[in-house]
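Which chain is which? They are A, B, C, D and E, in the order written, and residues in each are numbered from 1.
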Amino acid sequence: MRFILRRLGFYLIAFWASITLNFLLPRFMPGDPVSRMFARSQDRMQPEQIEALRKLLGVDDRPIWEQYIDYMHNVFTGQMGVSISRFPTPVTEVISSQIGWTLLLGGTALVVAAVVGNLLGILAAWRRGGAIDSALPPVLVFIGSFPYFWLAMGALYLFGVVLGWFPIRHAFTDGLEPAFTWEFIGDVGAHLVLPALTIVLVSIGGWMLGMRNTMIATNSEDYITMAEAKGLRPGRIMLRYAARNAMLPSVTSFGMGLGFVVGGALLTEVVFAYPGVGYQLLNAVQGLDYPLMQGLFLTITAAVLLANFLVDILYVRLDPRVRSN
Amino acid sequence: MTTALLKQPTQPTAVRKPNRSFIHGLISNKKALTGMAVMIIFIALALLAPLLFPGDPSRITAMASLEPSAEHWLGTTAKGQDVLALTVHGSRSSLFVGLSVGIASTFIGILVGLASAYFGKFIDEALSLVTNVFLLLPGLPLLVILAAFLPPGLGTVILVLVVTGWAGSARVLRSQALSIRSKDFVAAAVVSGERAGRIMFREILPNMASIVMGTLLACVIYGIGAQAGLEFLGLGDVSTVSWGNNLFWAGNEGALLTGSWWVFVPSGLCIALVAFALALINYAVDEVTNPRLRKIKTPKTTPTKAETSAAK
Amino acid sequence: MSHSLITPSAVSHTGTPALEIRGLGKTFPLGGLFSRDSVRALHGIDLTIGKGEIVALVGESGSGKSTLARCVARLEKPSSGEILIDGVDVLKRDRFQASRAFRSQLQMVFQDPFGSLNPAHRMDHFLRRSLAIHGKSGRSERETQSRLEELMTTVGLQADMLNSYPHELSGGQRQRVAIARALAVEPQVILADEPTSMLDVSVRIGVLNLMRKLRDEQGISMLYITHDLASARYLADRTAVMFAGELVEEGESLDLLANPAHPYAQLLVSAVPDPARAGSYDPVRRAELRKAVMASQHCAFHGDPNQVCSSEKPVRHQVGDPDNHHWVRCHLYRPWAAAGGHALASEPLPPSHPASNAQEEASA
Amino acid sequence: MTISQVSFGSHEPVLDIKNLTVKYIGDTRSTTAVDRVSFSIGTGEVFGLAGESGCGKSTIANSIMRLLKDPAKIAGGSISFGGKDVLAMSPEELRRFRWQDVAMVFQSAMNSLNPVLTIGEQIVDIFTTHAGYSRKESMRRAGDLLELVRIDAARLKSYPHQLSGGMRQRAVIAMAVALKPSLLILDEPTTALDVVVQQEIMAQIKELQRELGFSVLFITHDMSLMVELSHRMAVMYGGRIVETAKAQDVYATPRHPYTQALMGAFPPLTGPRLPLTGLPDGVKFRNIPDLTEAAPGHFVAPFGADAPVTESANLEGAAR
Amino acid sequence: MLLTGCTANVSKTNASDAGANASAFLTIPREDMGTFVQNFNPFAPTVNPMVQQSIYESLLIFNPAKGDTVPWLATEWKAAEDGKSVTFTLRDGVKWSDGQPLVAEDVAYTFELQKKIKGGFEYLDTVTAEGNNVTFNFNKPWSPALYDIGQLIILPKHIWAALPDPEKDANANPVGTGPYTEVDTFQAQSFVLKKNPNYWQPEKQKIAGIKMLAFAGNDGANLAAANGDVDWAPQYIPNIEKTFVSKDKEHRQYWFPPTGAMINWQLNTTKAPFNDVDVRKALSMAVDRDQVTKIGMSGYAKPADCTGLSGNYETWKNANVKDNCTWTNHDVQKANELLDKAGYPKGADGKRTLKDGTPFEFKISVGATSSDWLSVANVISQNLAEVGVTAKVESPDWAAVVAGYETGDFDSGIVWSANDPSPYKYFNTTMGTSTVKPVGTKTFDNYHRFGDAKADALLADFAAEGDESKQKDLANKLQEEYNDAAPVVPLFSGPEWGAFNDTRFTGWPTAENPYATLSVRSPTTVLVLTTLEPRA
């Protein structure tokens, strides 16, 4: 319990640090959202209109610390303001309509990559020098060396356009009403395959090799030899003794991995026109849409921190040693 | 037969510095060799680019969207630039950014890691907190925000990548430094009266050579990949020629849509090759320092199968 | 070496001791920054080492022997107490960090010769640095070199080993280099924390003999930490027994091992394997001793007019001949075993257990 | 050559090792860790194997259970257990052989428990795999086993880190005797422990051995302990056996210089302080010949400073 | 694979399947919105697609492709003699989609609201509604007002007046007069607008509805277009012949009328040497506009001439000026001569120096996200090298670029220009002194800070002149002045991208039938929406 509390304290500090960073960064950016919008709106506005717009959007001229206090207050009361680029939609609404897709994409990719990668790693380490061990790692590392977006574009054109095996855009067929029907879920699944696959392909090699290496290290632990000496069945030794211990570092990486996957998903979303927050963030940044940007960053960070916290709790469940600590 | 009772000075069997055997191990490792060969080719290309393709590589020199031919080995872009020239010149910025990011992040990582591990207590708590916070912040979103906030240019890209990339290396290096810190030879150095700086850099650091190298390589890979990602999103310095920018332009010009794969493939492949080569070296470093990871020769089928080892 | 009896050096108990520890305590905080839990690893240690004296510190694993050495070597900051070298309280003198002057007076030899020599450097480096840091290197390179060679010979190594790396030497050789490194600064006191426990059995005695030689020839005082009572008896003039962070008994080595007074010391002595008294293990006696250690009901020295027995305040009773400087802590007083305590605490008391019954069930 | 066995227990050897040679195949050079070692252990006998670190003791122990991992290779010799050729067993046979016939307490028994499984689960594993008991039944037996080594059965639910070193060691010993094997290998079972605990554990093993009647292969480098415990012992050096005899004989009259050095490393607890000498640094024995019988039942490898030094033959042997 | 069905179900249906076409939605991609939010507020800075095209309508529609004006919610309008007012007569029988009739108060209220929320219309004094007529009174004679007012979309007063904060309302279910107003199946990635049940010309609602798809960039939208998943492709498509048309020559067409705004290369005329008209002209001559449009704009744009007017103003152009252009034609030799003469000599290294001896070097600033203009700037930079001038392309973020423009802290840059039905604003913002602000003070339209007294007089007359033929005379004179002063370097007319796929719907505007442009964001879009019909 102490461990959990300690971690919780850490996450709170991390959260505070990131929201502060998030507050400060955009305020040091040159220009303001209105002139930025103006730059892109083909010179149609009059100076007075711009002033009016400034007022309308509430571009803040108060001292920074006042804004900061306000901001902190808002963050903890869940008020993230109104998006500037999507004015007058509240930031929460913009995010809530999209974050789900990002989480679905990122989460699916992460889980699949971690599970499959770890399984492959376990098998590779268990059968040292076998087919999986010698053939897969170089291939996966090579694929993993490609940038996310490159692989995504390649896959999109090859499997989506040329071969036509998979849908090439969006999270589900346009016009379908989201519902908990098999049809809809299947449709979402079909749309998820390619984007998730590209993320999985890029990240799976790391999982596999990481697991393989820890597993090899674990295999030479005394308790594995002991398990062998006990005459246990090989499958049991592999899973209950070796893999069970070797997966502990993977569990930690899993939490960390989420942050990276959100990043990878961001690029992938742009390529597949996946309606997640990735492109929205880019847009918000380019439009200097502070509230949205802050809201997104906050949400992503909170999601990552929360996930890490959950992973920590899981870790405590998996590793009895930290429990009593 | 009799036993020889010998009194002799121990004749060291291998009079080799441990570091030298590490390098030797690398040189005799196939993965490392392949990786290094690829890297050398790329570095040579980067250095020779101005000689091979003099002048501005983004100059418009030919008809647009030419397929690869004898004249333009990799064809031309939709603007009529020579793809090969762009690719070769692109290696300069990409490798430069990768190396700078790698070296800078590793350097910060070393400082933070060593200071954390050596001084411990409050300094360690504070530094690891900062490290962990940076580690948890979602990298790319932060990159995107940072990149938009600073004026464009390679310097910015490097700075941004270092800001988001140092934490990973610091964490790895800290844990390694911590384990070395707890070794008796550090305590022995303290007892013999060495000062903190000397202990950190002369006693602890030399024992981290392989992990420093591994971290460096990983950071370089990160740098190259993240630069490409940023530039692809148009957040890099669009006016430089680099692999990421080449891909950005390829995307802009609809290279894939028009079927101009030759514009799209080379830069991506180069990124992958460099990253792959570095990853190979990295795995080789792992293998050399941790012999258990080495590829094992599949045991020959000897008649007494029982002899080999414990059956699994 | 002659096959004569080894006699302990004539230690004068009068002059200023080389090292004096007074009321030393150490608590380790547990948990993070915000936690107030702690382990008391050391408590009220008083120990004196005279000039040219070897004192052995024995005790169970985790009793705080290493912690004591590390506190005295100022690798850890003691929580309380004083450390006097040559009568000067060094904790007061250099408050925040050990000074080089202190380092040149006190040196330490570590348990693990594989870990205490940096694998990245040659032997030459270790000795040279020790000389250089404390201004002991010669005016010329020649002089330094000859100084190095002399050191090597002192610890019984060939000078040409200066050029080798640690991994090229055997454990015993390494430990000798570690000793040479300590010697290089010409210290007054050497703390040796289990210097032989990681060595191959066959070379252990050689290192012990070397330590004795140094004491005899150079008059260096030593604190010899070990859990091997036999070697303590072999090497040390006096032996101190540590239990759960406190000293419970101290005295002239032969005397103490022959007549241990404290139940814990008795337990310790009885546990040492010795073919000469094979079959000495007596579970009943053992159970009694354990019980006495964990919860003594009476003290053997009850009635000592000078030191009235008390379970609260540790008092020392003198044992036997005053010349042996043998004292024991009142049995009623039990150290405060914190945070998991000591190994004894967690072992069940062996009952007169009908082991056969259980076995029959198991095999049924 | 074979050594006529002087067994303590029955004359029927449980384990018979002949000319066992084990090599570690390295990238550049190979080490012979065990070199033509022969010995046998009779029923109910406690056989001690002493020697410095790295002389091949654990390698022999692991060979008996065929636990050697990859670079190790049994290059020659035979191991027969109760008449069965251990080296020829099929994987399935081997699996059954392990723990049912021979059990082992590892050198680092503290680390030989799976840190993420409870003690109970690890014991239950043995019963369910080998005896086919139900989980419940296995758990009950596991509790009995723990009580056998004087650990409260409630501790079945504990994880290894929640037990002290001594308790872990006991738990491992309990596991080792779970299936009543005919041979128990103890590979330095107490090195990491406190003397007090060590003695109690050794006493406990002795008691169990008396009750259950298994044979013991006891490995240590602590001569005092070994002499106290074993009936017969062998001293190893550099992969070879240099002396083997009844334990008391070795204690009373060590013949090989190395054995003498070993005995000298443990000063006595009683009597006057006599100066002892260990083996000087850097002294190495090479080309250790086969044993000859120096006294009845006391075999020693011949040695002598006058003999010519032949460097070639076994240079690689046991070089460390 | 079974999954194929999901990809492009509706749009790939057989062309002969008339029934399917009749019920199909007109599918249009939106390339710069990765996702939609249900916000149909027309005051939003980034308005959802189709809000101003199919939901709300304006009084009149100016069609730049043909240069004519189509009466829409107003059937006729009349400017007062003194040019100080204009009166619109509303169409009878127009109803809001909720069934309420459109009344003159709606128009008056719209302008009130517009002024309150967004400002502008500073010339507008009062708006009076009288029966069917709405009269706009100005505080000065102001001829450009007609289109300014006429093209503003009209909102229903009965809805908007009831809102406490109209500008902050998401207007999730808009009520408008347009042909397709009913929001349906709204998703972040797509939404559908269905028929307005009360449309005033129901016979023109021949398609079942409009479906908008969100894309995070051109790539995805282009892919959809190439794949035949959308009917209308208004975004930039690279190499359109190959990537789009060639896939189905029979049904796919594109038409890029040069009716967009003029894209100018603006030089900061407060700085030497750009204060020298010869330099501006010489630099302009050094630019190879064919190459610029070919490489930068994929050949889709039309090079500018020295009137500075884009294709939008074809009818306004002064033929005399247009036919005798000098400084907008690529002529390296003349450019060199002009620079030599003006006193910017070429050094031995072929590089020119300024009058103070420093190198002739400057920066071209373009926002990093405008990749097409970046290419343009790169081409210009290459062109200038041939006359010994060094131009460095700088591409920070747009905000930084614009910040520099606004305060006058820049060398040169590429910018949009005003694009109204009348050229008044264009000339006013390129040459009008009233728009010039000193360096350091922010300006929002005359970034290059050029003012010309002669032009000022002409502009004043123009604004006061209600008669179009007289306006044309003034415009001719303005063009002459422009030709002389070269206030900016016009590069090319911004094209109105537009391509379509008539597999399912027919009746698209083309060069032969330019009843509208193919833009989906211009006022003419509604003309297309009311013309298209499902392929039978």
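Just so we're on the same page, a contact is a pair of C-beta atoms (placed from the backbone, for glycine too) under 8 Å apart; a residue touches a chain by one contact, two chains touch by 3 or more.
It should be emphasised that the depicted structure is a prediction, and the values quoted were computed from it without experimental measurement.
Touching subunit B and subunit D at once are the following chains: A, C. Looking at C-D and B-E side by side, the one with more C-beta contacts is C-D.
Relative to the C-alpha centre of subunit D, the farthest chain centre belongs to E. Centroid analysis (C-alpha atoms only) places E farthest from subunit C.
Rounded to a whole number, the gap between the C-alpha centres of subunit A and subunit C is 54 angstrom. Separating the centre of subunit A from that of subunit B, both taken as means of CA atoms, is a distance of 23 Å. Computed centre separation for the pair subunit D/subunit E is 90 angstrom, with centres defined by C-alpha atoms. Distance from the subunit A centre to the subunit E centre is 39 Å, each centre being the mean of its Cα atoms. The set of subunit B residues touching two or more other chains comprises 9-10, 13, 148, 251, 296, 310, 312.
Residue positions 29, 128, 153, 220, 228, 270, 282, 286 of subunit A are each in touch with at least two other chains.
Touching of two or more other chains is recorded for residues 32, 170, 173 of subunit C. Per the touch definition, subunit C reaches subunit B in the complex via residues 32-33, 70, 73, 75, 98, 100, 103-104, 107-108, 110-112, 115-121, 126, 129-130, 133-134, 158, 160-161, 164-165, 167-170, 173, 178, 181-182, 185.
Residue ranges of subunit E in contact with subunit A, taken from their complex: 1, 3-4, 6-7, 9-10, 25, 33-35, 37-39, 41, 43-46, 117-120, 122, 165, 167-170, 185, 187-190, 192, 211, 213-217, 219-220, 223-224, 226-227, 261, 367, 369, 397-403, 406, 415-419, 429, 442-445. Subunit B makes touch with subunit C in their complex at residues 9-10, 12-15, 17-19, 122, 125, 183-185, 187-194, 203, 206-207. Remark: subunit A residues 29-32, 35-40, 42-53, 56-57, 82-89, 93-94, 97-98, 101, 153, 156, 160-161, 164-175, 177-178, 187, 190-191, 193, 269-273, 275-276, 278-280, 282-283, 286-288 touch subunit E in the complex. Interface residues of subunit D, counted against subunit A in their complex, comprise 62, 65, 67, 69-70, 94-100, 103-104, 106-108, 111-118, 125-126, 129-130, 159, 161-162, 172, 175.
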